[in-house]
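Across the two complexes that follow, subunit A remains constant while its partner is subunit B and subsequently subunit C.
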Partner chain A sequence: MTLWMRLKELRRYPSAMAGVFVMLLLVLMSIYAVVRYPYSQAITLWRAGEMVWLENPRNAAPKWFNWFGADLPETIILTPEKGRVLATEALGGGGKRQTVLYTFDYPWKGGFPREISIFFESTYVRTPPQVLLFWRTPDGREINLGTQVLRRSGRYLLSADPALIKRLGDRPPHEALFARPALAANAGGPERPLPGRYELICDIFTFEPESEVKLKTIIYGQVHGWAGTDHLRRDISIALLWGAPIAIAFGMSAALTLTLWYLTISALGAWFGGWIDALVDRLTELRMILPLLPILIMIGMFFSRSLWLILAVIIAYGLIGGSKGYRAMFLQARALPYLEAARAYGAGNFRIVFRYLVPRFLPLAIPAFVQAIPSYVFLEASLALLGLGDPLLPTWGKIIQDAYSQGALFVGYYYWILLPAAMLLVTGVGFAMVGMALDRIFNPKLRTL
Partner chain B sequence: MADRSLTNLESRVGTGFSTDALLRVEGLRLYFRTTKGVVQAVDDVSFSLGWRRSLAILGESGCGKTSLARAILRLLPRNVHTFFGKIILDGVDLMKMNDEWFRKEIRWRKISFVPQAAMNALNPVLRVGYQIAEPLIVHLGVRREEAYKRAEEMARVVGLPVDFLNRYAFELSGGMRQRAIIAMALITNPLLIILDEPTSALDVLTQANIMNSLKKIKREFDVTYILITHDIATSSELADEVLVMYAGHLVEHSPAERFYRTPMHPYAQKLMASVPTLRGDKQLEFIPGQPPSLINPPKGCRFAPRCSKRFDKCAEEPPLFSLDGGGVAKCWLMAR
Partner chain C sequence: MLENLRRVGSYVTVRGILLFFTIVVAIWFVILIANLGGAMDKIIKSQIAEQVGIMFQNPDLQQLPEAEKRKLYDQHFEILAKQYGLDKPFIERAARYLWNGITLQFGFAEKISSDSGSRQVRLILVERLPYTLLLWGTANLFLFLFSVYMALILSRRYGSLLDRITVMLAPTSAPPPWFYGILLILVFASMLRLLPYGGVVDPIPPETMLGYVLSVLKHMILPVSSVIIGALFATIYSWRTFFLIYSSEDYVELAKAKGLSSRSIERRYILRPTLPPIVTSFALMLIGLWMGGIITETVFAWPGLGRMLYEAIGQTDTPVIVGANVIYGYLLAISVFLLDILYALLDPRVRVGAMGGQKL
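Entry: the complex of A and B
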């Protein structure tokens, strides 16, 4: 088919091929996102709150920061299985003492962990178990971290324990425990971590025969995943991935519907003329003076922020009238001999409009359609940035808004803003490059000899 | 005889094959409204055309030939000022039909049209075969396959290779496109085919080919042609009757044999004298002056200002005078 042949002309434009590559990438991303995190799961992960993400560090940078020499720590999770039982000693009254040793490597020189928490679960009837914690650094120092009473289940925020902070010389434990001793003495200077093998020794005392204890220690790092995490410990990669299908679905449905509508309604107006044309044209002018963004802001403020409602409003707004450009084209086309001929052989008005007039200009609408897609994606992002994004869906605009509201740029979490911004930019440029090349192929006015 | 068994095609002799004329036009006027005034493109034209006859309508550019054809087909632009008169086709007055009825019952079922610049008259986004078949599908509800079969038949009749039917218009030469349009005009087996300058944009060989096809078609399918042209030589190939228009008026309507030998109206005579003949020593003639403006046409005989034979009487509008040996002419000279 000739349309396909003309689409293949895209190969002549390197920029268009780059754009096609971007589009393919977005499609693959979308497929991956939808398969990897099905819609409901993605919503849960994004909206369920901090408890889902307890094992993630807060505001962590992407892991690939370390490729550029940052050498920031990753998260270390010491699960019960990783512990080695050194000794078990029976106590009077059915209780026992168990000494468990956790060993782990801390090879990173570029920073301290963000925080340390110990999650515990204990079963007992009357007397809760207790744990004595000792810390051993690679250079052999042993630090007593104190005793904790383990009531039922909960979280011991080791790095926020005031007693421990005091004992460590008013320094946050997650730094003091990993600091080089020489520099630790020299307070005031920049502290640097001491890489090597650390040990955590837990002396667990239970006082009842059936009493059990499970400990999980998490030493939160400063890097996580390929996209980092946000202030709620959420993995930004999920939102980046899910942003692609949402952006494409949003942009495509708006662009496709409106392009076809503009073609159709302008063709009908131009073909029938008279009051129909006047009506369509006046409506077009009405739309041109109706401000879309304030309307959307008002709807977002007072009614609903659902992305799909916003899409419906954008489409409804577009349905007011047609396009001046298409109308001009159709008015010119009305005098073409093949339309006269169609009229002569008795083709009905609608047959002429839909089989003769519209298909003839469909190729011209293709570049316009492709170029319109990113404009709607940007519109969604702008609304999100204004705080009017969909409250449920993870979108690129929402990430930027979160980052903005947390002052990401002031605190230096550049990745938080730059990654979604890059996605938006690459999408926009990709579609624009394809669109411009298509314009050169399909629009006779741009054809050069 | 061509195939007439196509079930959905109603018999063309529905109103009885009368001895009456197929087409009778009486007092037809078609005026257009323009910014400069009212253009009297067709003014009081009357003629009749018998079954299976072909009529050539001759005249200079802008004399109302095409407007006359469009008036018969009711293919009118929006700026129509007056559209008045009688057009009786096969006993039915077309002027009394409403537009929708006319579109469904007359266009292509009874009258088909090969438009001017027919080369560009094909839809660029449909395959030629579909387009040829389309009138059958649209008007008569013939099934697609059957319509295609018929399209292939028609393609054979007009000399269009059948494998061209799968192509798009831009893949065809001008002559082939013209053939496709003629095939399309034939497919519904109409009573009357109006050909508006069917050969004007083609080279002479193709012109000859097309004319031969048209002649063959005329023999095989009793069609009636109205051939609009300014090419007198080409028209002589096909025409049984000749109608000459000048400034919106019919000035002469004569049988072809007589007309090509001895045209009667001074304008027709001049027109004939302007045709080059092969190897003749004849000095080509032209008519001094311009055709008159149709907004303010001259009173009386419209040709009078350019006529070498004018006399006092020409200040009054002449009626149509019957001629010896058939035909009419709108000239006071005929009154003597």
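Entry: the complex of A and C
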């Protein structure tokens, strides 16, 4: 029976088909990730800091949370183009007063925005422009938000303005501005936002003929994208996507190299016997005693945390010795008639090992190979969880570590842990399902069971 | 009988000697890696600096002018450095460090200290070890006994619903224990608030003995469960398969034909010959779990060796990291050695001395 025919037998196992489906999905995800965000771009996006992500809310949940009735607000961005100029009035000395109105709908009942910031850019020679801000709620209340001087470019953190907080009755502005008016009826209960059409009126004063002002208001929501954001406003979806190619490349290269090596070295040891076999077996025992994870930790601490160095160390560690299981298998195979025949026609030792012994038993190693892949993926995640992940690349383990160290479990940002955990789980279980089914197909002892 | 004991004894001795050499090589590896970055030399240097520093607390020396003090300091440092062999070539230093490693002399920790306030790495390690043994001993003993029991039941009821469910759930063992640990904390500590997030006892330890034990048990539920969930189904599955393979042997058929009770068939004809490989596979899993312990203990803030290693990483405490590495090497070696003894006792080939012929 050819290898391909045996692989086709996988169709008989529904769980294996589910596993194959997961593998395909991961491959598609990897291709999409690499095409959509090329390597260098992904690193920039993930590592460049908060300035890249200014328009994203912090610690936002995925958008699909709202499908389950959460009704949390999305982010509203009021760009300069969205403003409607109500009136322009010339002031003395080349200055002018411009009244701009921004209207927007706030339909969400499940929560308040996270924060409000106004980004500004202004040009002037001597006197910086000023802006008077007014807020109008759907029920017609008008709230004066005070005056701001706009020097060059910057960010006015409206929701962290102490004067405004005080004026609004010691309440965070992003809640007070959206809250229902306090009525006797609901006093004491949890505050709910008032959905409807809000207005932000900006009275912009410029004092020089060439003076220009650009305002962008961002009302940060509580949901963002399909994967949410982290504490640095980064879109977690990028790391989730990029985790796939990294995990597959990492797991595959380690598992493939080591499976082939174990087969070869165990075959050589078993075939030649004597001191070669003893040496290989002793080395195998040495590897069993060498603690891999602590050694990797040491490497990460003292040398470098690069993922590719860690991969190299894992492979180098595996090169110490062979596998006890394969050795037993080859020892039994030594007496097989076809090998005797090969010897009879005068085949050399190496020809026998590489042409007859290893290829013959290669299929038997396929299940172990498939099952080894997720174990390396989880090894990388383990290192990441200890804070020894790659400094540049986003991986699933690193997201969990970020979430864990930011106390996501205590604060309740469950999506932050559950999404990468789900990716790891699906990958691990998917490969294991295929591997186990392959084991049943290739392992003659299991075939009848 | 005596002959048997002698054989087992000599087998175990030979294995013990071989393993000891393996440990020496393993520790040498660890130290080599650490010292490639100069970490071991740094440890010695900081130790010397501490000694010289103690000497300079002498009030007579304190009064010396700054330049002279500096000179004296450098002189003493150099003398001690020579004493510790820092001027010796790499190979010689490595040999010295190796001896220190084998005898567990790791000097003083840089930042971490034991609960009793000592900075000696050996004391810190000794203090943490019981916690690790408590957690992993409990989890693994339970895992072993329960898996063998379940595997026997399932092999008897091959094809039943329970059997098929176990087979279906076997892939859930792909993720390591810490992974399930995080999920368990998420559900039982964070969402339901039923069990503690981590630690060994309540922040204010109960005063009665019973209360203390109960509190420790409560804290052990989640870590132990995560270890068990992380390995249970695959273990049951592989052992059940094993039992099934062996129960189709001719001698089992013969025993059935003789009309022996299924219980005694199970004990004498199925369990007995399968025990050596099952013990082997369990010990291999145990070895894997030792390492997994680092993360699992970290996740559960369990103050064992693993957690200590994590703390040492966070504070870049080199002596503790190297010490923990060596201790893990020892733990693995002891596991392998115990496995060898058990194997020798269980495997008739060792006792009868058939090992000489076909080495398997």
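What we mean here is this: the second predicted complex is superposed on the first by the 439 of 449 C-alpha atoms of A that agree within 3 Å, B and C clash if a C-alpha of one lies under 4 Å from a C-alpha of the other, contacts with A are read in each partner's own complex, and residues count from 1 in each chain.
Heads up, the rule we're going with is that a residue touches a chain if its C-beta (ideal position, glycine included) is under 8 Å from a C-beta of that chain, and two chains touch if they have at least 3 such contacts.
In this text, all values refer to a predicted model and were calculated from it rather than measured experimentally.
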Look at where subunit B and subunit C land on subunit A after superposing the complexes, then choose clash or fit. fit
With both complexes overlaid on chain A, does A:Leu290 touch subunit B (first), subunit C (second), both or neither? second
Could you give the angle made at the Cα centre of subunit A by the lines to the Cα centres of subunit B and subunit C, to the nearest 10°? 60
Contacts of A:Tyr356 with subunit B and subunit C, given as first, second, both or neither: first
Should A:Phe303 be classified as contacting the first partner (subunit B), the second (subunit C), both, or neither? second
Name the chain, either subunit B or subunit C, that contacts more residues of subunit A. C
Once the structures are superposed on A, label A:Val429 by its partner contacts, choosing first (subunit B), second (subunit C), both or neither. second
Touching partner for A:Ala342 - first (subunit B), second (subunit C), both, neither: first
Per the contact definition in the header, classify A:Arg180: touching subunit B only (first), subunit C only (second), both, or neither. neither
A:Leu386 in the overlay: touching subunit B, subunit C, both, or neither? Say first, second, both or neither. second
If you take every C-alpha pair with one atom in subunit B and one in subunit C, what is the shortest distance in Å after superposing? 7
What is the shared patch of subunit A, the residues that subunit B and subunit C both contact? none
Spell out the residues on subunit A that touch subunit C in their complex, using ranges where they run on. 15, 19, 282, 285-286, 288-295, 297-299, 301-303, 328, 331, 371, 374-375, 378, 381-382, 385-388, 400, 404, 409-410, 412, 414, 417-418, 421, 424-425, 428-433, 436, 445-446, 449
Tell me, which parts of subunit A touch subunit B in their complex? 2, 273-274, 336-338, 340-348, 351, 355-356, 359-360, 362
In the complex, the residues of subunit C that touch subunit A are 18-19, 22-23, 25-26, 29-30, 33-34, 36-37, 39, 158, 168, 170-176, 178-179, 182-183, 185-186, 189-191, 197, 234, 237, 241, 244-245, 284, 287, 290-292, 294-295, 298-299, 309-310, 313-314, 316, 318, 321-322, 324-325, 328-329, 332-333, 336, 358-360
Over in the complex, which subunit B residues touch subunit A? Could you list them? 73, 75, 78, 103-104, 106-109, 112-113, 115-118, 120-126, 134-135, 138-139, 168-169, 181, 184-185
